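Below, each structure is written out as structure tokens.
Consider the two complexes below, in which chain A is the common component and chain B and chain C are the respective partners.
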Partner chain A sequence: MGKRAHGQTLGVAVMSAIESEGVVLGGLPEAQLPAAPLRPRRAVVRGAAHRIAGVVFIVCLLVFMIGPIAWLALRAFSGLWQYPQLYPKDWTLSGWRQVFNDPNLRHSMRLSFEFAPIVTAASTVICLPAAYAFSRYRFPGRRFLLISLFATNAFPKIGLYISMAGVFYSLNLMGTFLGVVIVQLIGTVVFMTWIPAAAFSAIPRSLEEAARDVGAGPLRVFFRVTFPLAAPAILVAMILSFLASFDEAQGTFLVGVPNYITMPTEMYTLVLNYPEQVAAVFSILLAIPSVVLMAFARKHVMGGRLAEGFQLR
Partner chain B sequence: MSATDIGLDLQHVSKDLGGRTIVDDLQLDVRTGELTCLLGPSGCGKTTTLRMIGGFLVPDRGRVLISGQDVTTLSPDKRPTAMVFQNYALWPHMTVFKNVAFGLRLRKLPKAEVKERVEGVLDLVGLTHHVHSYPARISGGEQQRVALARALVLEPKVLLLDEPLSNLDAKLRVRVREDIREIQQRIGITTVFVTHDQDEALSISDRIAVMSGGKVEQYADARSLYREPATTFVAGFVGTMNTYEATVVPGGVALAGDLVVPCGDLSATGDGVWEVGVRPEDVRVSLDDAGAAADVLREVPRGHYKELVLRAGPHELRAFVGSDLPPADRVSISFARALLYRDGVLHRSATPVPAHS
Partner chain C sequence: MVLPPVAVIAVFIGFPVVAAIAYTLGRAGGPNSVVASLGQRQFIVQKGVTFDAYRDILSNPTIHRDLWATVWVTIVVTLVVVAVSWAIALYLRLTDSWLARTISALSVVPLFIPVVIASYAILVFYASDGFIKTVAYHLGFHGFPTLGYTLTCVTLGEIWVNIPFGVLMMSSGLNGVPNNLIEAARDSGATMPRVVRSILLPMNVIPTVIVATFTAIYVLGSFTVPYLTGPTAPNLLGPSMANFFNSFNQPQQAEVLAIVVFVLALGIGAVYVWANVRTGRRSGLQS
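And then the complex of A and B:
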């Protein structure tokens, strides 16, 4: 299973990139280990300098990453909080009450949680067969198609959305549910194609041939062997698609207004029309799916038996 | 031999890949219950041949028959063949039990029967303690046996193995190949075993097909393959062979440089230049001066025998002698037996073969 030995699929690679954040933090205790007493003086001094630099770096990183989130969290539960004060004086749940009592905001939350799963499902159904074809068949234009999928994500999307809007007008898709689904789909295609395609390619053909050999037809081979082996990567791709769709604001705003205002598009107006706490509460709500899904992926994709299977040679 | 005695029959099978003829008009029959090795250098078409038997490739010309039935165009899932892949190809997301049971479950057998047959075959390959392990958790030798069990559990008519031992270390390789042979004989399954290791081929096969350039050079049992290689290719590929250009003279052969070596048994006679092949154990070495004189260049102890590297005139040759032969710098050699080749093909006849026209 040669290839498999290094067989981190793109998806798993993405996950380990996400993981490495944890590695940096996990490095902290090690950096504080006492120096071995027998080492020469110079090395001890240099070692200490390295360690201090490491700690400073990690503290900066923490301030940089955790800082804004901490501010948001405080803000969401605080009353009046102005510049010279280091922390808020009075605490309140009024921001939360306001968010959950406001019919507009409630509606946008419901919409967001409707669009994201629908877009993810549609993207999976459309892109998985394409991913399989990209990985298993050599056809003319294959490379070009793969690269152009990437290109849709590489350039500023707003240009793409503007030209799409022109087409949508003539197709009467502006301001429709389907229009929003399509525009969000665009942003997920690259994940749902590239990551599963890499995963399919990492599966040795002999595993599929062995299944044919014991009597499975082509479809059964796909559902019993190929798909389960690619499942971790497909799951990662689905999570990324879900989040991409959930966080999509530009295209959704352009196509959905005024009928379909999702949570991220609501943010545009929220900052101006609502008190600051409401915006903070809403930001936290917007971040919840990311945190939950990433934690899920970490637990079930990275550590699960599915990932373990990939260590087979 | 009646038709049903032939478990597997390849008739004039050819396959072109990438614009080249990889397997070229190949003929091979394997008797029911026989183990045949495909032996040949890398790239000679062994895997391609095996994949045509398994149904992963369709021959461009020719037919594949299993127990007399034409399966040439059937896909792998419709053939009574089972393959053990070089990298084992175990499904990493299934336990050992599920790997072996997969094929039986596809056949919708009752649960109890599946369990019974899987346990039976795991017992056969000696893996009962790993029933619920995942493939990544067991050793290479054990993975190999799971692959074998997965193939055997379906009771195929033909078992195909593509270099099944190449991922194992040397010691294990010898043990597992003996296990495979023992199991194969116990259940009497028609088997094709691909290898490029002659030692492996000679020690486990009923017959060996030596392949070169997509063709079968010789198809025979280990003994005749070694004693009477039909072509100079086989002679050079299987075992060690001293080869020289020589003419036949009364009582022996004359090599270039007017070196006459007495020879007991010549496979043919006739005028003209022959290619003469002599196995190292057929080189007789003595300390008297009965034969041709030779210098000892090197002595290599091989345990119960010695290998001598000798120089006689312009020629170098290798001889296997008993370890009791005392060390000497100069010896006398003769040939117990020599094989005569012309145009790369062995000649065996009592009547003189005419010289090249």
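And then the complex of A and C:
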């Protein structure tokens, strides 16, 4: 982990910090950060100032982060709403009716819910073994492969889809179900490999060895020991894959049109050609699966699993 | 076991990319024949290679402005995301109050929202009849500029989309710093800024590099945010690539742009790989 190395350099850093403190003391403003323990009484005033600054920051963050979503949500229920009114004059559900009565939009919703599970399942089957191999075996070319996985992520998606489209024409995959599945699958490979690989790496080898010592075969070890321990991370990876597929718009647009128009692809046309409420309603519908699934995965994503997956080892 | 995903990548990414590179260099045979038979304004050679397609697009003044727009937006977004996520993560690391918890919850909201929706919501929010203009109007700023369909709106949108990843990465990096290190330094009289500078900063270099590189690469290759929220021109290279492909029917030029962005992204990616290899080697020495 390199923690010890850090610790040593840190020790030096801390020491030098302490040594030079005599010179610096008083020169530096005390605790620019709030809630530092053991502050002098003088800092109480400053503490209040910090609190106010904190509240101002929170309000800005609230407006910046939630504002657009809330504003859009209002639109979904608004009737006549003219600038510069702060809120709509009257409320209506006509946008909702319009969405659910439009066969095109209904069809795209169904399609989205067909593609996403298929892509997630395919991605899991293809990538999980690789994730395990990356974490457990040191084979020649391992680092090269990890880095090329990363490189696929660095290639601009739209450029990639354009070059894929060229090849898809030759393979007769344009406008087919399989073509769309492949395009969406590409976007999930990195999640499905990196996050589970980090999870497998976090499981102590000794656990697996112990199971093997008492006579368990390799498959049994995997399914009784390794897999259950890595399951939360795998679930996170699957959820991220599901959402990546569900939200994928550019590639599906390029490959699937006109036969397979999923919800996010429909958004491109919706924004331009439909009344604003319809687009707003559709946005809310499209956001529901993300919100629900991310709420499930929240604890694990926040718990640093996402971060672990991004360290190349 | 590694074979299936590697094969998928090789067939559906590696192969197209190689074909795309060949195509931009003037080779229209094999997998490129279908695209080449449809495209216009192509520079094709039968033998050897030609850089005419690159010359053609890189001498295009519109592309110059797009390129600069892309570079500037990328730099600004990366700097802001790194700074804001550092600040938020640091605050979360050092305090545990309702304020901190609210900030933490707010900063990951974009994770829950598909990018298409986010772009649309941001466009509407900053549009000529959007919230910002409305509030400005009521506060007396009647001539407040409309941000919708400007590069500023693109920048704001990209920041919005990239903040959660930044905060999560930085938080997990800072949470890895043991409490007793900070306490030891505080006990010996180090001020908080000093602790940040001498302990937290050096121990959080890798997450910072990861956030910066991934954000920059994401912005360079992004399409949806600039397409929905940005101006017609100059816009980022993502939408202009799509324009060359769909509207102008010049696939070769679109591919050239893709390669240009890829090279830029690879340059940034090299920093990420270098930083990882460096720590990898360091930890290799340990064990």
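One rule holds in what follows: the second predicted complex is superposed on the first by the 255 of 313 C-alpha atoms of A that agree within 3 Å, B and C clash if a C-alpha of one lies under 4 Å from a C-alpha of the other, contacts with A are read in each partner's own complex, and residues count from 1 in each chain.
Everything that follows uses one rule, which is that contacts are C-beta pairs under 8 Å (C-beta built on N, C-alpha and C of every residue); 3 or more make two chains touch, one makes a residue touch a chain.
If you're wondering where the values come from, they're calculated on a predicted model, not measured in any experiment.
A.B. asks: Touching A:Arg220 in the superposition: chain B (first), chain C (second), both, neither?
C.D. replies: After superposition on chain A, A:Arg220 lies in contact with chain B alone.
A.B. asks: Under the stated touch criterion, which partner chain does A:Pro204 make contact with: chain B (first), chain C (second), both, or neither?
C.D. replies: first
A.B. asks: Which partner, chain B or chain C, touches the larger number of chain A residues?
C.D. replies: When the residues of chain A touched by each partner are counted, C comes out ahead.
A.B. asks: When the two structures are overlaid on chain A, which partner does A:Arg212 contact: first (chain B), second (chain C), both, or neither?
C.D. replies: So A:Arg212 only meets chain B here.
A.B. asks: In the overlay, answer first, second, both or neither for which of chain B and chain C A:Asn101 touches.
C.D. replies: Touch partners of A:Asn101: none, neither chain B nor chain C.
A.B. asks: Counting only touches as set out at the top, which of chain B and chain C does A:Ile158 meet: first, second, both, neither?
C.D. replies: The answer is second: A:Ile158 touches chain C but not chain B.
A.B. asks: A:Leu229 contacts which: chain B (first), chain C (second), both, neither?
C.D. replies: first
A.B. asks: Chain A residues touched by both chain B and chain C?
C.D. replies: Residues 1-2, 306, 308, 310-313, which sit in both footprints.
A.B. asks: Which of the residues in chain A come into contact with chain C in the complex?
C.D. replies: On the chain A side, the touching residues are 1-2, 4-7, 9-10, 13-14, 16-18, 21, 24-25, 28-38, 51, 54-55, 57-58, 61-62, 64-69, 71-72, 75, 82-86, 125-127, 129-130, 132-134, 139, 145, 147-160, 162-167, 169-170, 182, 185-186, 189, 192-193, 243, 246-247, 249-250, 264, 267-268, 271, 276, 279-280, 283, 286-287, 290-291, 294-295, 298, 301-302, 304, 306-308, 310-313.
A.B. asks: In the complex of these two chains, what residues of chain B are touching chain A?
C.D. replies: The touching residues are 54, 56, 75-77, 81-83, 85-87, 89-93, 102-103, 106-107, 134-136, 150-151, 154.
A.B. asks: Can you name the residues of chain C that touch chain A in the complex?
C.D. replies: Residues of chain C touching chain A: 1-6, 8-9, 12-17, 19-20, 23, 31-35, 90-91, 94-95, 97, 99, 102-103, 106-118, 120-122, 124-125, 128-131, 133-135, 137-138, 156, 160, 163, 165, 168-169, 171-173, 175, 181, 184-186, 188-196, 198-199, 202-203, 206-207, 210, 214, 217, 220-221, 223-224, 228, 237-238, 241-242, 245, 251, 254-255, 257-259, 261-262, 265-266, 268-269, 272-273, 276-277, 279-280, 282-283, 285-286.
A.B. asks: Enumerate the contact residues on chain A facing chain B in the complex.
C.D. replies: Residues in contact with chain B: 1-2, 204, 206-207, 209-217, 220, 224-225, 228-229, 305-306, 308-313.
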